[in-house]
Amino acid sequence: MAPLLELRDFHVRRGSTPVVHGLSLAIEAGEVLVLAGRNGAGKTSLLEGIAGLHSTQGELRCAGRDLAGTSARQRLRAGIALCAEGRSLFSEMTVRDNLVLGGYLWRRAEAERRAQSFMTRFSLLAQRQAQKAGSMSGGEQQLLAVCRALMSNPRVLLLDEPTAGLAPRWREDIAGLVRSLVEPGEAAVVLVDDNLEFALGLADRIVGLSGGREAFRLSRADRPTPASILAGLLEFEQRASAVNGRVHV
Amino acid sequence: MSRPERVVLGLAVALAAVGVIAPASFLTDLVGAACVTGIFVLSWIVFCGPTRELSFGHSLFVGVSGYLGGLLQVRLAWNPWAALLAGGLAGAALGAGVASLTFRHRGLYFSMVTMALQLAFYRSLFLASSWLGGEEGIIGVRALAGSRMALYAISATALVVLSVAASRFLQSRTGLLLGATGQDESLARSLGADVPRLRLRGLALSGALAGLGGALAVLTQGQASAELASDLVSVRILLLAIAGGLWSLPGGLVSTFAFQSLQALLFGRVRYDALIYTGLLLGVVLIFPRGLVPGRPRWMKRVLSPPLPREGKGQEGETRGAVEAAAPRHVEGLALRGIEVRFGGVQALAGVSFELPRGEAVGVIGPNGAGKTTLLNVIAGHRRHDAGEIRWGGRSLGKLEAAARARLGVRKTHQQVISFPELTLEEHLAVARAAGSKGFGAAAADPELAQLLEACGGEAAALVPLGELPPAAARMAEVAMALAAPPELLLVDEPFAALSGREVDAVCAALLALQRRGVTMIVVEHRLHELFRLVSEVVVMDQGRVIARRPPEEVLRDPAVLAAYGVGEEKESA
Amino acid sequence: MISQLLTYCTELLVLTLARGSLYALIAVGFALVFGAGRVLNLFHGGFFLLGSYLAFFYSGMALPLQDAPRMAMVTLLAAATVGGIGFVYFWAFLRRYVGRQIQLMVVGVVANLVTAQGFSAWYGTQAAYVAPIVPGTIQVGSAQVLRQQILIVCLAIVLFPALGWLLRHTRMGRAIQAVAQDARGARLVGIRPEAVLGTTVALAAMLAGLAGALAAPVLVVSPSLWTFALLKSFTIVILGGIGSLRGTLIASYALGAVEVVGISLVGEAWAELIAVVIAVVALALRPRGVVNEQA
């Protein structure tokens, strides 16, 4: 069976700066892939590139469909949704409006119905539904942002730093959402999170990134720990800097 | 002689030649008028060039000064030269006034405000027509001189003299810093640049030039017409300046003479000559977005920066060297008491207190979201704190903004890559020195500086705009700026992020050299191995609090620290 | 004494409402476009000018209606035409320069100059007379107010709540708001900011055209009228910010009030200039951080 999301020799540019250089990945339905790496390794750029926010080169397929060169809207239609770093909520709109707008590509009644189902699931969102999104706490906003991304009923959810700055209780809610999305075996999640404990708890596979390139791969069978991830990155960086050294001379 | 000055010399020779070849002719009238337009364009470039603002209202200065000069001459029978001078002064005052009005307006808002003021003044001219003569304006102004040739000589001389003045300004300390603020205002502020004051000076000069030009136009033509203050003049000034080479002084002069000759050719021969002229200018601006004479404005080059250090080999600063007694140790160091910061519903800092004596270096570590960067931002003045007190050298910093703290010697490097993208590394160092960060001991041609520049790509890279170099170079440039103009307290936020081996060594050596010179330092860094080379103590933060303070070798054995990191294992990767 | 004061206040109020309603009609579209794409559409003044001249042009055409219905028809036709021009202007020119501020603004202002020159070549710089929909004046205190101005006030009372409803409840209205609040977020939920901006520009053009056609009998229609519309739009956006319809409306009526009071104190000539300066100072004093490094 073809993988759900497939990248081949995938490049991302931010403005005129190349930030991801020729990455190849295949993600199966039902799995959580974690991208690990330091600040500036290209994780966020990769997710935004997949979602269609930056110009990209190379092959991108979702469920067998070729998405190279398509717009963010077309990728959302194809089932790729990004919950972006910094959340990008509509801060002057109500919680309810934010959710409903998450289903912008659906018919209004359907979007309302789905929004209602999220509010039934998280009573907090129902309590806050008439409040402006910008007036909520960081954790509440993050929960809303993840739910908004899920409103489009994606097959691939790209989650960027969902737990940044959150108290532990929120991590459980977000982890629960991720698990319930992948468990039926229909959808997949690509997760970037600085909190490795949290990320490793969900990960089926881990791909390390360094300088916009793949540094290593680990699967659940490797029993990854923060230390082994660090070791993987260090080893890659040493090899890379050895090569760089030669180039400089 | 710099390039702008060579251009001005060439211009002077050409203008004199015109005067000799065809004295008192159609040609001198034409070139004389072009000279006045050239002064308008100069005045635009002097402010909008460095700051990258788009003023849509320069005809306000031209019009106000022109009318004032005309009125003074006609109504009060002033000497025309006194009226000219008054026009210049009025332009300067108006420029200073507009700068104070717009001290918070940048970009689109600045464009809008300048255009709004100009439009309002222009419309008022018509409404106050009993007083200002409406469309006709003020007529019967006595000219500066009787003969055509003398008027030509005055206009040409004025253009040459004012070009030199403009070019000198752009190469001065103020011009350089104004240029830096136009590239990245927050970086310039964090270096200590007093942005409102710089803009005030720049706009006052710009207004003075435009005012002199406006008064000159009235006092050579013998009348002040409303057209002088019109939006058409504003737009022409802007288009000529942009068409000339996007904020380049010589380019502006070239395009002025080219298009003014064109206008003279068109005038009276074709219908809609004004439309064709404006359309052609627009075409140039749209088709050549970088102008007719493209190229980076070079005026900032080699202004204040001494030549780069070319000699000397980098020292291997492997461990923290002994602090040389450069720091005035009797002066109080940094003292934080109960610092609290909240944003949204999150308590980012929940009562942080610690002290740091002068000349010491401390590292700050902690899980993500612990509040490390927020702490540095609060000390540097980039973020307000909600409660608590910050003192440096016995002085409370709480009320001061970032630039003022930088002038007191408290500086922070940025976590994200940030630079003046169109300036070279050399110019970055010049800006750092010019911004006047207080510090002790002027920077010499350090071996560490040489090592840093070498890591950036060496001499060749030093002459390339930083925006064209990889992000690592910009990160190293921030450290290099600290070396070039050492602060007293340096707050370093993740200096090694996205750097590779050799670059890390160079940054390490530079930071150690600063410490040897007595700079007090707080370093936030995830890479513990490198961090421990730099600091004598490590402060551990978690959830907005300080939970431990230990020497590097002990810190990872502290149970509280391990608990904060969750698994009893240091989590280095981020 | 008290009755005199009361009359004076009523007079000020009516004059303020008359001015403010027209200004709001002009500036709302400008503010919407500025919000939706951080696009400073300087051709907005041209939209207003087009509205006025098209009303003049259409009122000279043979229409099967007479008097009030005829002029209402002319007004609506002018507004619709300007809306169409705005749509074409966006897709033909403006779209290319979104994100390139210099070109964007230069194109806008040159488009104004060209339009103005075009009309002065066609009709000359003398004032063009357009008949009002409702002729005549009413007396408020010592002031004469045109019935057409009262019509504009009434229209504003109906139009702005309706516009607010559209922005809150229709798909396109919500998309406009979404793009204004977070353009990246809008792209993430499947909104195409460019299409939204195009529609916003067309809507803004239609409103400005409507304002121009309605104001044609009130003002002196001449080619320099675009400066009037642009100046009011600037002042209102500077004063009211770009956040909300409400801010724009408040700023519009505030500007009207400042001008009415200013005119009674210093006269017509300098009231406008003073109003601009007040708006600029108000924005400068509004406490707002200038340099904020996000942690």
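All chains are identified by letter, namely A, B and C, in their written order; residue positions are counted from 1 within each chain.
As a convention for this text, a contact is a pair of C-beta atoms (placed from the backbone, for glycine too) under 8 Å apart; a residue touches a chain by one contact, two chains touch by 3 or more.
Values in this document were obtained by computation on a predicted structure and should not be read as measured data.
A.B. asks: Of the chain pairs B-C and A-C, which one is connected by the greater count of C-beta contacts?
C.D. replies: B-C
A.B. asks: Which chain's mean C-alpha position is nearest the mean C-alpha position of the whole protein set?
C.D. replies: B
A.B. asks: Distance between chain A and chain B based on Cα centroids, please, to the nearest Å.
C.D. replies: Chain centres of chain A and chain B, defined by C-alpha means, are spaced 38 Å apart.
A.B. asks: Between chain B and chain C, what's the gap in Å when you average each chain's C-alpha atoms?
C.D. replies: Each chain reduced to its C-alpha mean, chain B and chain C end up 35 Å apart.
A.B. asks: Per the centroid of Cα atoms for each chain, what is the distance between chain A and chain C, given in Å?
C.D. replies: Going by mean C-alpha positions, chain A sits 43 Å from chain C.
A.B. asks: If you look only at chain A, which of its residues touch chain C in the complex?
C.D. replies: 51-53, 71-73, 76-77, 81-82, 84, 87-93, 97, 101-105, 108, 148-149, 151-152
A.B. asks: Please output the residues of chain B touching chain A within their complex, sorted ascending.
C.D. replies: Its residues touching chain A are 344-346, 367-369, 417, 471, 494, 497-498, 500-502, 526, 566-567, 569, 571-574.
A.B. asks: Could you list, by residue number, the parts of chain A that touch chain B in their complex?
C.D. replies: It is residues 17, 36-41, 136-141, 164-166, 194-197, 211, 225-227, 229-230, 233, 237-238, 240-241, 244-245, 248 of chain A that touch chain B.
A.B. asks: What does chain C use to touch chain B in their complex?
C.D. replies: The touching residues are 34, 38, 40, 42, 100-103, 105-107, 109-110, 113-114, 117, 121, 227-228, 230-231, 234-235, 237-238, 268-270, 272-273, 275-277, 279-281, 283-284, 288, 290-293, 295.
A.B. asks: For the complex, which residues does chain C have touching chain A?
C.D. replies: Within the complex, chain C touches chain A at residues 171, 174-175, 177-178, 181-182, 184-192, 243-244.
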